[in-house]
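Have a look at the structure that comes next, please.
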Amino acid sequence: MTLEAPRTSTTQFDTDELVINMGPQHPSTHGVLRVVLKLDGERVIDADCVIGYIHRGIEKLSENRDWTQIILLTDRMDYVAAATNNLGYCQTVEKLMQIEVPRRARYLRTVLAELQRIASHCLWLGTHAMDIGAMTVLLYAFREREFVLDLFEEFCGARLTYNAMRIGGLPLDIPPGWDKKVLSFCELMEGKLNDYEMLLTNNRIWLKRTRDVGVIGAEEAIGLGLCGPPLRGSGVPRDLRKDEPYAAYDEMEFNVPLGTRGDTYDRYLIRMDEFRESIRIIRQAVEGLPEGPIMGKVPRLIKPPAGETYHAIESPKGELGYFIVSDGKSTNPYRFRVRPPSFCNLQGLKRLVTGHLVADVVALIGTIDIVLGEVDR
Amino acid sequence: MLEITPLHYSLLSAALFMIGVIGVLVRRNVIIIFMSIELILNAVNINLIALSDRLQDLAGQVFVVFVIAVAAAEAAVGLGIIIAFYRNKETVNIDEIQIMRW
Amino acid sequence: MLETVVVPLLKIAVLLNAVLVAVTFLVLMERKVIAWAQSRLGPMRVGPYGILQAIADPIKLILKEDITPAKADKYVFTLAPIMSLVPALVVFAVVPFGPDPLYYVSDINVGLLFIISVTSIGVYGIILGGWASNSKYPLLASLRASAQLISYEIAVTMTLVSVILTTGTLSLVGIVEAQREGGLWFAFVQPVALMLVFIGGLAETNRAPFDLPEAETELTGGFHTEYSGMRFSLFFLAEYANMIVISAIVVIMFFGGWLAPFPNVPALAFLGFLPPWVWFIGKIFLFLYVFIWIRATLPRYRYDQLMGLGWKVLIPIAIGNLVVTGILKVAF
Amino acid sequence: MAEAIVFWTLAVLILGLGVMVISARSAVHSVLFLVVNFLLVAVLYVTLNAEFVAVIQVLVYAGGIVVLYLFVVMLVNLKKAPERYADPRRIAWTGTLLAGAVLAEVIAIVYASVSSDEAGAAGGGFGADTPFAECGAGPLVSCNTEQLGWVLYTSYLIPFELASMLLLVAMVGAIVLAKRHL
């Protein structure tokens, strides 16, 4: 496949289209995404995403691992939100095997998932702001992400790839005093959120760079298959935590922030609100943490009955779905398929960037919040 | 040789003028022809300034200011024409600029 | 001979060395200030509190391999960093560090125009650097840069004209002397002009929030993407030297150059215990700090917004300011 | 003596660079030589006590007009060298010949005027009593920016305004020509 621009042989000759490769070695494509941009001056007239630079075959690999080993492979997909990946996978297998998860484990899973959402959004905020030129926010956001990583480290010993969940519950109970630390982190995070907002929310340049950039209407967003904050930014009230509650979300009280204009600024505001909602959920879950076991009744040898199931959760990036087929005979899945939110959201990039300037491309890659590990799998 | 009279400046000016004329007549790139015209204008300016100094008269300098203004206008319009032309014919070769409209 | 040749040459030698050393420490200052703004420590390893980083950085850049891309225009590629640095250094010839002729290399009667015109030459280094690299990102960046520099030059020059109207002289020494006689810094007389010159200065030195030609997150480094080693460091030096130049212009034009605050107020006369050049350099560093502070705080403008700001906001305000200044000048 | 050294150095450099401008193969190199040429001409102006004009030369010519040239050279981004197609009727050396004729003519005029000048006044070169001397505005000093302003805004006010109108028209014209869709 050639990616060169076809020569347009119209009677009115215009100055040349410039084809530039943004990435795979580019500071703002958040990994090894390659975007082939066709430019007219500085204006983007076409964009093609080239992916697959870190394809590791996780889906195929999983068909040769037993059910518990797959958890650690899921860590490597959205590596900035490993715990959510674990959660989605474990819940899918639990659904397949119809295992009842104890309430304490469900609460703790909620806490972990929301902490993970904060960590992931911190990374998004930092890089998004950095792409638009606000370098200080990056360092601030990473500083707070560090606290989340510390909490995870204390919980499971790892800082990035946690392997933090098991089919049927959690591997470990929380260390003593951990819940207090989570609560004090919530306190701290609320103050820091105000700092970020002070630097960005009403900043004129920030507004100029994000307002009315990459506007996408509700219908079109649904049509493109967007999910998560990019979809909610267009005003579609779709949040799996509300729509199809899992873990302990049915017992939590929280709002789903929605945008009105569907532009980059709305998506920014939504994620800033999601920070606050996450803190609210964490508070409720930690304060209402029930006593009890953390592991359900799980057979020694995990071997789900023959059948297939699809289960999706709301990861920080959007709808993270797992489709698993078990043949009921072997100790590994017959087919393992992931619906990664980053991949689906990336499909909207071409529609978003067309007609904007080169500088907006990086802002728009930032606003859909992709992680290439998840796109390529 | 050692005493510099306005004659020297005039000769320098004449030589630069000639270089500019050669550029206009010999080169085929329209942009370079425009640059040669700038050389010609500069040759004139050298003369004006030298004489202004010699005659202790500011008129020469005033004229240079006007020449520069005209040169700026000429460059803007001329280069605009080049861009418009290039957009239509994809060339800046003066030998290919033979027709007045297309 | 001594007066006309040796002394100016000595002055030039001292000044050039001072500027280049100042630039290396300015880089350190930038790293430190931004680090503190971002709750980091910044360089700490080389020397106490990382002070020797200012020496380590240039050594590293000089020792690095100097790569010329295979398809680059070799001569222009080499020439471009030099064309960028030389105007930035030449400008210092007319910057007065104090009232005495000892403190400046020369005081020419068109000093301000000299600065404006010489800084306008600096754009060649950027354009040619981007073009000669024969690479797409640098070319885009250099086109951005040339458009940006030319647009903001108009606004800055027009604004400076209104200051010239107030003083009636183009000599930098004369401008500072006018502020001493008036007893008031021009920052209070021409506040609008101050803002315009400062914003235009940010744009002309390619500093945040106008650092589009070298926006690393968009253009992977801008016009100097293909540069490395010594030639890259020349671009680097030029940028920081230009920052010092703009700060010096702002200080001379609006903050009384080497004068202490409110030079005519007797109660503040004790401020004269500091020599004039200390005041001058101190004020320059204050503005350099503001440059760095802005970089740590603000996001970046987009190209079309930047041009819009230059042409639709700054230039009309500059013209308005000029007209108002002229009217007031005639009226009073 | 010093004046002679400066003049001859500048003259050689200016002419040499002029030749380079018209003979350089790449248009960008041409532009570069043109810039340096203009800067040296500005230095020449300084030696002739015309600081203001020198600065304007740098600011407008080197810093403005030539940047425009560079911009256009980069914009047209020639894929085929313009020298590729030559009109068969074009004979290159006639251009040089014609230019030589122009030079001879100019030199002849210069010498003729000098000799007639010498016949009139034993001043050597152009005397201060030539008819041109009357249209001035008093003696010229080195520090002449203010005087130049006076002259420009009094004796030459109408040409000055006309020049500004010309620039305005040129500006509009350039935009109309270069803009793709009006």
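Note that the chains are named A, B, C and D in the order they appear, and that numbering of residues resets to 1 at the start of each chain.
To be clear about the criterion, a contact is a pair of C-beta atoms (placed from the backbone, for glycine too) under 8 Å apart; a residue touches a chain by one contact, two chains touch by 3 or more.
Since the structure is predicted, the reported quantities are computational estimates derived from the model, not experimental observations.
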Hopping only between chains that touch, the fewest steps from subunit B to subunit C number 2
Count the C-beta pairs in contact for C-D and for B-D, then report the pair with the higher count.
-> B-D
Averaging only over C-alpha atoms, locate the centres of subunit A and subunit D and give their separation in whole Å.
-> 64
Distance in whole angstrom between the CA centres of subunit C and subunit D is 30
How many angstrom between the C-alpha centroids of subunit D and subunit B?
-> 6
Multi-partner residues of subunit A (each touching 2 or more other chains) | 14-15
Shared interface positions of subunit C, touching two or more other chains = none
Can you tell me which residues of subunit B touch two or more of the remaining chains?
-> 87
Per the touch rule above, subunit C residues touching subunit D in the complex are 73, 75-76, 79, 108-110, 113-114, 116-118, 120-121, 123-124, 127-128, 131, 139, 142-143, 146, 150, 153, 170
Okay, in this complex, where on subunit D does subunit C touch?
-> 26, 28-29, 32, 35, 39, 51-52, 55-56, 58-59, 62-64, 67, 70-71, 74, 142-143, 145
Residues of subunit B defined as touching subunit D within the complex | 1-12, 14-32, 34-36, 38-39, 42, 45-46, 49-59, 61-62, 64-66, 68-77, 79-84, 86-87, 91-96
Of all residues in subunit C, which touch subunit A in the complex?
-> 34, 37-40, 136-137, 140, 144, 208-209, 211-212, 215-220, 295-305
Seen from subunit D, its contact residues with subunit B in the complex are 1, 3-4, 7, 11, 14-15, 18-19, 21-22, 27, 30-31, 34, 37-38, 41, 44-45, 48-50, 52-53, 56-57, 60-61, 64-66, 68-69, 72-73, 75-76, 78, 80, 82-87, 90, 92, 94-96, 98-100, 102-103, 106-107, 110, 114, 124-126, 128, 130, 132-133, 135-137, 139-140, 144, 147-148, 151-152, 155-156, 159-160, 163-164, 166-167, 169-171, 173-178, 180
